[in-house]
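The two complexes that follow have chain A in common; it is paired with chain B in the first and with chain C in the second.
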Partner chain A sequence: MADVMHADSSATTKRERKTIPESLFAWLLVGPAMIFIAVIVAWPLAETIRLSFMEAGLGGEKFIGLENYQDLAESRKFHQTIVRTFYWMFLSVGLKLVLGLIGATLLNAAIPGRALFRVLVMPPWVIPIAIGCIGWLWLYNGYFGVLSGVMMHLGITDAPFEFLAQKQSAFYSAIATDVWVGVPMVTLFFLAAMQGVSRDLYEAAWVDGAGRWYRFRRITIPQIMPVIVSMSLLSAIFTFNSFEIIWILTEGGPRGATTTLIVDTYKTAIGNYKFGEGSARAVIIVLLLGLFSLAYLFFLNKVNKKYGVK
Partner chain B sequence: MMDRYTKLQMVGIYACVAVFLTFILLPFFEMFMASLRPLEHLFRSPYQFWSDDFSFDAYKQMWVTVPLLGRYIFNSIYISFMVTGLTMIFVVPAAYAYARLQFPFKNLSLGIFLGVNMFTGAVLLIPLYRVLRTMGLLNTYWAMIVPGVAFLIPTGIWLLRSYLEKIPRELEEAAFVDGASRLYTLRRVVLPLATPGLIVVGVAVFIGAYAQQFLFAITFNQTRELQPLPAGLYEFIGYQSVTWNEMMAAALVGVLPVMVIFLFLQKYLVAGLTAGAVKE
Partner chain C sequence: MATLDLNAISKSFGSAKVLHDISLAIKDKEFVVFVGPSGCGKSTLLRIIAGLEEASSGQIVIGGDDVSDAHPVDRGISMVFQSYALYPHLSVYENIAFPLRVQKMDAAEMDSRVQKAAAILQLTDKLQLKPGQLSGGQRQRVAIGRSIVRNPKVFLFDEPLSNLDAALRGDMRVELSQLHRDLDATMVYVTHDQVEAMTMADRIVVLNGGRVEQFGSPMELYHHPATKFVASFIGQPNMNLIPATVIGADATGVSVELDGGHRMALPVAAGTVKAGDKVEVGIRPEHVEVSSKGLEISVNVLERLGGVSITYGVIGDGTRFCASLPGDAVIEEGRNLTLSVAPENCHVFDANGDVLRRQAAPEMVA
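Up next is the complex of A and B:
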């Protein structure tokens, strides 16, 4: 139909216009962004792969084949870092999803004040992570921070408790902060998805005598499943890449307790100028992230089929 | 009705909301409280819940302790503005192409853009450092702007594309029939219609740019005068002691610009950002 109209109009108006082919026009529009990304992201990525086969530092480069990777494969410390990174990711993503689901359900309840509550959830998402972390540094402070203070007043500890000074507590404190940064986004996406679920479904179930919990399990969860899957992947990527939070709170310490893969990469490459070894780590990160994405596409496909989305 | 709650249920819901919001807002509350207390009272152990000498002195003193503070705040805003402007220049045409046109490698190239979202700058810092050095951009504003733009382009394209897809095609087709060129149609028909979407995407990019400065700043910039606020705040950590109250005051003042923008536009922003989560 549209084609006929176009043909018609060009025939009648006689105004010969310089229309360039659609695909050329499209690439002229996309090209600048593509080139920019190529220079700033793709080329450095290729460089990272090249450097990972080098012994590279401030002095120069020397090709050493797979030696960097061999070192990593044999390093017990690196194995621990990988295990720690996955533990960090699963725990943090799990908490974000569960808290996000609870938060979204609460904000979706028909109670007075919910518009205000929704706004109050957002600040950690909006402000720079680096600034939010300064607040957490203060909270975790053993002598002057409120958390240790409350614990002392309640008699849980008698001495000031430095959250970031001990291996275990530092790790879980960093998780708490990471969850704090990530929860608002997850909550708001779940909330938006919940509000998109048709009321008819709930009403039909309600008429049939289905209780709240049943409706939540059998209607809400299946209906928002695609969003849950997307948010799982997005959170996994963010958490895996989470650098600033750990760097500001602990710099990967104490004694490596919070050193995840990304922190290890930064310390190796930027801190110790071991560019080759750092690049090998970066390549492993890229490969792992690629695997996540493939798994994600696979699951999303399955979910969409199961729940009949498009 | 279905949505009716009993009194007990109401109490339960509000209690849960209170716990949830306490977790979210506690850091801000404590930052604010710390900014109101004189330093020597901050350093009282055990922790005191109330002081009787609250004051706003820290908000005055902080400009003296860190003389460049104003400059840092300016830098943060300036960098974010530049990043936003440049990002939009790249994003608008590309998003239009993905929303409206058919061309070879469309899905593949869109996939590549979105793949960029998987990396943070941290993975690419080493070669990025070299790229910027080769271009002679280290220790300039551009060292923080250029990578910032690259990592915001994909999100921008994604958000704007879904907005443009919702604009009806009829007007464009009418313009085309009347003999308007493709570029003219884009400039004079599509963009004016898309203004609300452009604002939402622009603000989202600005907030993203404001948030991501820290890593690029500490890695690519050694010039003190050019440092953005999140990096500059660390000057409050001195060799002897940390002036916590002033640092908190400065941090709160520093987040004010984004918080104000955000509060005004939050309804549209959230709707725009979560649009993908809602089924049509």
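Up next is the complex of A and C:
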């Protein structure tokens, strides 16, 4: 009797399992996440694309086709903004990578107080950007700032130097702040990657007579290359989209010297209530970052193959 | 190739002393294996020879030159690591050529050396592959290839086979022995596997707690272990050690009573032991046979391996005993079995664990 009951219950279980197809179960699992993404990503993106074909403002919307894009294509100022944005991005990312690599190498070295330095590298990343930027505003201030004071003390300038008032110095000052904020993350990722490199590789190379620089060049860099590539892309995207730092320091000024695509988009859409034109700019940003990501995936794949990462 | 002399090498990590005055004289072209349990200091000793660790005191002499303070590359050694330490981003060719590139060797000479090493290790058709595309055994060969191309005076191997499966380990053991013959090189090999030590070594250094327990040929260690530790470490299955009490000692040997009441007269040098002293009698599992008279064991577990039957049981008051008997021996778990052992095959260890040197064949006393 017990056997019969057992057989029945087993059959029931089998029937129940058949009633929930595997594909439906999978959809149920990913469903909530998909709904979430649809609400906060897909819908706003679709709305942005729709608005980019409109002349949209506080007064209403009117379909104008590709006119917004046409205007941007013909705008010399927009071209300058794109060039400036890429210059901003490459310079900032380049500095972050170089400084991150140097920092990670130092933090990975067996130096006394290494643990303390590892903690000290964190604050720029941990402090809210707005607070950090206010600190930098003070540093850059011509009359009260340390930098200007030191420069005057050293005789580099004979009058207070307002870093954020000049076109060039404002641009490079904003980059310095952006690098300050971005370096800790890059450093810590590089450090984690370096710590994942087997000690045996270095010891084997040392036994073979390889010096410190040779080991860094021929072992460390190739071994962490996938992380360098990943961080390059992530950092490039963050820097391309970096808004708060520029906005707090200069609001894109003086005379547009620090206006990058993202700041330009914000000013157009939110500052000037030209939602259609702003959306067209946003769509262009999405396309550029999309192309960037594709190039990254292609490059990462090649790097992984080259450096033996499965 | 060269001799390798270690003179009173000690090593401490903070207050913990891990090597105690180790002195060894390794001959030219000799294959010496350092063997011992985890933490005995064998790898540390190898790393000191390589120059990867600094000895707290002592001297390392390779080929007559004191290299105690020399950089690893100037010691004339090369090392094969347990993890192989292959560069995953470099091809097999570049991995083997790595030490030569560091030396900025002429391209033609480098190619010739790499090709020669690859030919010896049957890697010629794998030179363009990455380490990730190779099997464990092939990776190990690449690591050996990288050490060969430098033409070192002494090869150092740090547990090179421990990452391989049992079958491959057996194959690689044979290959390494063959390689030693082909290269006619001085080799120092670290392992915790006594089978590797016994099968490959010209001489074995048994280390325990940072001290050399014994340095000798494999058969010397097997037949004349200097200490209880060596006796129990060398030989598979492990030697049985049965507590006993000396009931008599003279020039002919020592008579003992095993815990459980069994008496034996054993032809060993009595040394300082006297009646009433506690000793341990060592009997190798392969030296016993089924008999009508002798040591009675109660069989707990039987492992039939085909050629032999490994029989586990207890004797007397519960001392565990293992016997390696013929494959078709009539044995049953849960039954008693009577075993005999030739007295000349027995070992006796005093209370300090030191052996009483075996002399002649004793007889078993009922």
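We take it that the second predicted complex is superposed on the first by the 282 of 310 C-alpha atoms of A that agree within 3 Å, B and C clash if a C-alpha of one lies under 4 Å from a C-alpha of the other, contacts with A are read in each partner's own complex, and residues count from 1 in each chain.
Quick note on the criterion: a contact is a pair of C-beta atoms (placed from the backbone, for glycine too) under 8 Å apart; a residue touches a chain by one contact, two chains touch by 3 or more.
Being a predicted model, the structure only gives us computed values, none of them experimental.
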item	value
Contacts of A:208 with chain B and chain C, given as first, second, both or neither	second
Which superposed partner A:200 touches (first chain B, second chain C, both, neither)	second
Partner chain(s) touched by A:219 [first = chain B, second = chain C, both, neither]	second
Touched partner set for A:93, first chain B, second chain C, both or neither	neither
Partner contacting more residues of chain A (chain B vs chain C)	B
Partner chain in contact with A:306 - chain B first, chain C second, else both or neither	second
Partner chain in contact with A:132 - chain B first, chain C second, else both or neither	first
First, second, both or neither for A:257, with chain B first and chain C second	neither
Common ground on chain A, meaning residues reached by chain C in one complex and by chain B in the other	203, 206, 309
Chain C residues touching chain A - in the complex, by the definition given at the top	50-52, 71-73, 77-79, 81-85, 87-90, 98-99, 102-103, 130-132, 146, 150
Contact footprint of chain B on chain A as seen in their complex	2, 5-6, 9, 13, 15, 17-20, 22-23, 25-30, 32-34, 36-37, 39-41, 43-45, 47-48, 51, 99, 102-103, 106-107, 109-111, 117-124, 126-132, 134-136, 138-139, 143-146, 148-150, 152-153, 160, 180, 183-184, 188-193, 195-196, 202-203, 206, 227, 230, 237, 241, 243-244, 262, 265-266, 269-270, 275, 278-279, 282, 285-286, 289-290, 293, 309
Sites on chain B touched by chain A in the complex	2-3, 5, 10, 13-14, 16-17, 20-21, 23-28, 30-31, 34, 42-49, 89-91, 93-94, 96-98, 101-104, 106, 109, 112-113, 115-120, 122-128, 130-131, 146-147, 149-151, 153-154, 157, 173, 176-179, 181-182, 207, 210-215, 219, 229-231, 233, 244, 247-248, 251, 254-255, 258-259, 262-263, 266, 270-271, 273-279
Chain A residues within the chain C interface of the complex	198, 200-201, 203-210, 214, 218-219, 222-223, 225, 306-310
